[in-house]
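You will see subunit A twice below: alongside subunit B first, and alongside subunit C after that.
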Partner chain A sequence: MKKRRKKVRYGKYGYLFVAPFFLTYAFFQLWPLINTFFYSMLNYYKRNGREFSEFCGLQNFQNILGLVSGEKAYVLHYFKNTFIIWGMNFIPQILVSLLLAAWLTDNKVRLRSRGAVKVITYLPSVITAASISVLFHALFSQYGPITMTLKNLGIIGSSFNFLESSAGTRGLISFILFWMWYGNTTLLLISGVLGISPDLYEAADIDGANGRAKFFRITLPLLKPIMLYVLITSAIGGLQMYDIPALFNVSNTGYVGFPNDNSTTVAMYIMRLYNSDVGKAAAVSVLLFIVTLIISLIFFKFGTSNEEKAEARRRKKRLSEGGGC
Partner chain B sequence: MKMKKATALMMTAAIGAAMFTVPVFAEEVETEPANTVSGDSAAEDAFVIWGWNEDIKKILDGPFAEAYPDLYKRIVFVNTGGSDTYQTKVDAILEDPSGELYPDLMGLEVDYVLKYVNGDFLSSAGDLGITADDYANQYGYSLDLGTDYDGNVKALFWQATPGCIQIRADLAEKYLGTTDQAKLSEMFSSWDNILDTARKVNEASGGTAKLFSGYDEMFRIFSNSRANGWYDENDTIQVDENMTKYMEMAKICYEEELTYNTQQWKDDWYANMAGDGETSNAAVAYCGCPWFTYWCLGDAWKANTILVQAPEQFYWGGTGLAATAGCADTDMAAAILKFFTCETDPMVSINALNSDFVNNKEAVQKIADAGTTCEYIYGEQDMISFYLPMADGIDAKNATAEDQDINSLWTTQVDAYARGEKDLDTAVADFKSSVHDTFSYLNVE
Partner chain C sequence: MADTKKLQSYSANQRTQKIIRGVVCILFCILSLLPFVLLVMNATRASDDIQMGVSLIPSGHFLENWKNLMIKQQGMQVTLWSAVRNSMIVSAPATILAVYFSSMTAYGIQVYDFKMKKAAWAFIMAVMMVPNQITIIGFYRFMLKLGLVDNYIPLILPAIAAPAVVFFMKQYMESTLSIEMIEAARIDGAGELKTFNRIAMPIMKPAVATQAIFQFIAQWNNLFTPTIMLTTDTKKTLPLFVQMLNSDQFRVDYGVVYVALFVTVVPLIAVYLILSRYIVAGVALGGVKG
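Coming up: the complex of A and B.
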């Protein structure tokens, strides 16, 4: 005999509680997002404060990619700048953060006042990007204290000027980003390392594994999910990089990165276009979105291990056999 | 069950997508200085005026408050804290005339005044009851800058800005052997003479002092005296002969190390203004104009500045005032505009306040006749009398609405050419295509 029990459904209250977020999200994020896609297909420009717009299909994309005669693919140059600056910041950042995370969690490394070290590594990201840009510009300008010191020590030539050299400017922007964000990455990685079961390390110790073996055989493989998260968020943030390069070594309008347009990032380009040509700006935004998506998916593909994939397949199979929950 | 899963999946996907794209436009805010608002903007009869520094406010607080105490009480002044981000801020606020801080009157700089003049944002002076007789004393070039395609005068300027070259007397004595204005004028009378003078400074100082801080010191002299603007009446981008001449000058200066290659308004540029030429690098001369002389020179230039004419007659900068299309009180706007830009006695009082070269021929003549003092001037030279003949015959027909942005694209190419990274034709072609890239309605021929 079947007994029918009356179930109380609390589910609907849950929806009520999450509703405010989804409503704000829909108005302030989803709608503009859809709009951006729409604008990218408009010939929508401003002249003397008057706006003109008409539908033009994929014309904007053909223009920004230089597929039409008379148009040049400036966006590729800005993507190149962005990738160089991002790469020079991210690779050292992940290496230093990994090292710091390993040291700060390993009891054998008897680091004194660990708390203080963590706070200090995190501090730079508390300062506003604007102040840091201005500060570094002053430090590394032609007569800036650091430039002068390096010249006196003979490390750089007497006529070298960081702000006149593409490598110098890009390198400094990368360094600022590295210095600002490595503390944040370190904290994320530390939390990842602390999530690894201590039993594993204990077992390894008993087996006589040294620090290096433990790092490469235990820490690194088990950090993969966190690493994936760090990689993807950094790629998203890095490709949209705007504030530091837009304030560091630029024309007075802030949209042309000196020298020779070599420190202009994609986001700066979008801002430059936004004031004159909204349709084109939207097209560049969409392109940036697609590139970011592809890069994230690549990371995701390589970041998920084979075992995890196998596990996911098994689970799926079980589910389909069991007929769902 | 399936439905729920699908919903959950869609929501997650949507949030994910938002993480990827949204912040692109949202981050702009952080890089701009904050607005400073003075006065009670909530008052019913508030009269809002926008500017990017305290220049306008000082005149309002001083002579204007004295002449019109009742009107002065109603004024709300918004200072955006910088000219470079002014357009972005003002454009957003102009879209909504019902907004509390919608300007009734706004300041406009030469580099972008035409954008507003040719747009739908401003009332014409005629609509406010200001007639051609009222501004008969203004310099013609400033009226050109404030007039739209159809001939309506919309923005009126309170300052005229004839350009010159400013020389630091102590360094001139040391490296050029004279502080005599006539002899120095000769040294700056042509571009060839300027190059010779620059070489002379290099030689005499051994490189611790140079004639100019950067070659861009010459940019305004070339650009604001050229015959043709950045594009013609068919919207075809053009590069005037003056501008290619400027590129050649830049290249010579770079190759012969005649300047320190600084950029105007940056730290190093200021450092060269304050340097002494021995323990620190120094620049002997700066491009100048009235507002520069009384407002931008450093302490080292006090009682130490000699003004000479540049090889070409040019103007540099200038601020216009205009009433907006949605101006709430046109009588008050007219009163302020007349006070700032038309009436002789108030404009003399503006000069008394800030030493500016006011945009009123009768007023400046009066000021010159009475004789002026400026704390920066060396010896006997009279600043206003010096500028007086140079203000006639300035031509501003070369200005375009997009000058500010186009100029920064231009700078990029000049630098590349000067450093030998490109030849002249490539640099000019790259410039044109980059302008077309930013302003798609401007065409490369």
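Coming up: the complex of A and C.
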């Protein structure tokens, strides 16, 4: 009772402590977000070197979606590119990470140097994405060392050029993303597996379950919340994909992903428009916001209920154990 | 008898499993390291040799490539070193602001009872997922109005509001910070801000260190916002310098490209290996997505 009164007395300090965050957020994020919505309904044009704008309702949205004659629905193509590139990276990523997480936590078949595997596979995700993109471009360009070696070994045809093939370029971007992030996903899944009560595995052992049964009947179902978390953060991150495709196989002026605009992502499109057509760029941003929101909402629909509570407990437990990190 | 046989075959099976899994893990480690190995090797090779194919044997052209890089970058407005310096000017203060003010926000929500507390927390959770790419148009136009385009301030100050870091700090406080300690400090006459700085921050040290590493990496690697905000070449940060390596001016001389990449990548790998214990532990705590 006494404690509670004390807390109330100090309450005003709570506002002071959270004030910097909220003021900064309002100024640098919320106000720009509101403005973006506002700009998406303005038509910008230049006359005599000066910029003018007028309200135009949903005209920009109709333009970017190609509902007006003379306008093409580029943005749909870029959403498609983004989803294809993200999907080709995510599916192998989650499968490989599951496998590695199961192996690296298996106490029956104890692998040596598990720490080293975690450290090495996580390494690519801390390196500057821009450098990685340029590196892979150099390695896989028309006369790049890997391309030449693959040609010498007869694995690819002598006239094949990764950078002139849509499948080659998209596939390589997906591969880079996979390569960068599978170590991270493995670590997240390992922390999920470690949060599963060992009692369950002991009980399964007594019942004579083999490794496969334990994986499919215990590990996989109980990993569902964390896998959902991985899926959603990856999907939202994937939608904003910029660094890798923007430096990989692009035009000199930038922001057009070769070949045939097939490796251009939505964020690259925003980049292309931000200076030339503010209204259109804002409309693309709003569209991106809506798609992101829908994906988040799907997450919250699946992610609530008792699963999330179990997840919260797990996190808490891990935190108290890992206090010395 | 039958039991021992079964046991033997069981342990033999374990052994094969161990070997198969060990080999697969080694292959994945090689996959993760190979591009970096090729980067280092190619940095030591002449441009013509690089076009012959992959080689894992270093050659002797590193210094030559290095000299060519130094000559080539003179034609650019920003040199490698000034790009590194610019990145440092942005990343270091942004990291300090992010961890300090995020701890402060988390502390305010964790320790005090105020009317808007629940709403404030719900808001922070909700905006954690809103990415920069969506607000960038409004952000750019707003900074244009304020005359802050081509200035480091819009790259540094927004770091004060880092929802993901606040979330991590709050989670950590829940398990480590006891209200009794804070009350003891109050009885000793310490002010609220002093209590936070002298009592809470030292307790938070492990979390602060982990988050500082992740924030610094995120800031250092940031390409999207600086691309829009920095227009003068001399102000460009390291990722923007890397972007220039992709231009035709460099594409003709691959030895130079690899040496430049070498300089941007190898120090990061070294720092990562030194801090890897903290980083890997930090990811497990769910603190990676910046």
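Assume the second predicted complex is superposed on the first by the 273 of 325 C-alpha atoms of A that agree within 3 Å, B and C clash if a C-alpha of one lies under 4 Å from a C-alpha of the other, contacts with A are read in each partner's own complex, and residues count from 1 in each chain.
What we mean here is this: contacts are C-beta pairs under 8 Å (C-beta built on N, C-alpha and C of every residue); 3 or more make two chains touch, one makes a residue touch a chain.
Just so it is clear, the structure is predicted and the values come from calculations on it, not from any experiment.
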With the two structures overlaid on subunit A, would subunit B and subunit C clash, or do they fit side by side?
clash
Classify the contacts of A:I294 with the two partner chains as first (subunit B alone), second (subunit C alone), both, or neither.
neither
When the two structures are overlaid on chain A, which partner does A:T36 contact: first (subunit B), second (subunit C), both, or neither?
both
Is A:F22 touching anything from subunit B or subunit C once the two structures are fitted on A? First, second, both or neither.
both
Which of the two partners, first being subunit B and second being subunit C, lies in contact with A:S251: first, second, both, or neither?
first
Scan A:Q240 for contacts with subunit B and subunit C and give back first, second, both or neither.
both
In this superposition, which partner touches a larger number of subunit A residues, subunit B or subunit C?
C
Tell me which partner A:N48 touches in the superposition: subunit B (first), subunit C (second), both or neither.
first
In the overlaid three-chain picture, which partner chain does A:I190 touch, first (subunit B) or second (subunit C), both, or neither?
second
Please indicate which partner A:T121 is in contact with in the superposed arrangement: first for subunit B, second for subunit C, both, or neither.
second
By the touch definition at the top of the document, which applies to A:D261: first (subunit B), second (subunit C), both, or neither?
first
Footprint overlap on subunit A, where subunit B in one structure and subunit C in the other make contact
22, 25, 29, 32-33, 36, 128-130, 137-138, 141, 143-144, 236, 240, 242-243, 246-247, 252, 267, 270-271, 274, 285, 288-289, 292, 296, 324-325
Quick one: which bits of subunit A touch subunit B in the complex? Just the residue numbers, please.
22, 25, 29-30, 32-33, 36, 45, 47-50, 63, 70-72, 74, 128-130, 137-138, 141-144, 161, 164, 236, 240, 242-243, 246-247, 251-256, 258-261, 267, 270-277, 280, 285, 288-289, 292-293, 296, 324-325
Can you list the subunit B residues touching subunit A in their complex?
1, 11, 14-15, 17-25, 27-28, 30-31, 84-85, 87-88, 91, 94, 114-116, 118-121, 260-263, 265-268, 271, 280-281, 401-402, 404-405, 408-409, 411-412, 415-416, 419, 421, 433-434, 436-441, 444
Which residues, counting only subunit C, touch subunit A once they are in their complex?
14, 17-18, 21-22, 24-25, 28-29, 31-33, 35-36, 38-39, 42, 50-55, 101-102, 104-105, 107-109, 111-117, 120, 124, 127, 129-142, 154, 157-158, 160-161, 163, 166, 171-172, 174-176, 179, 183, 192, 196, 206, 210, 217, 220-221, 223-224, 227-228, 238-240, 242-243, 245-248, 251, 254, 257-258, 261, 264-265, 268-269, 272-273, 276, 278-286, 288-289
Which part of subunit A faces subunit C closely enough to touch in the complex?
3-4, 6-8, 10-18, 20-22, 24-25, 28-29, 31-36, 38-39, 96, 99-100, 103-104, 108-112, 115-124, 126-132, 134-139, 141, 143-146, 148-149, 152, 179, 183-184, 187-188, 190-191, 194, 233, 236-237, 239-240, 242-243, 246-247, 250, 252, 266-267, 270-271, 274, 278, 281-282, 285-286, 288-289, 292, 296, 315-316, 318-320, 322-325
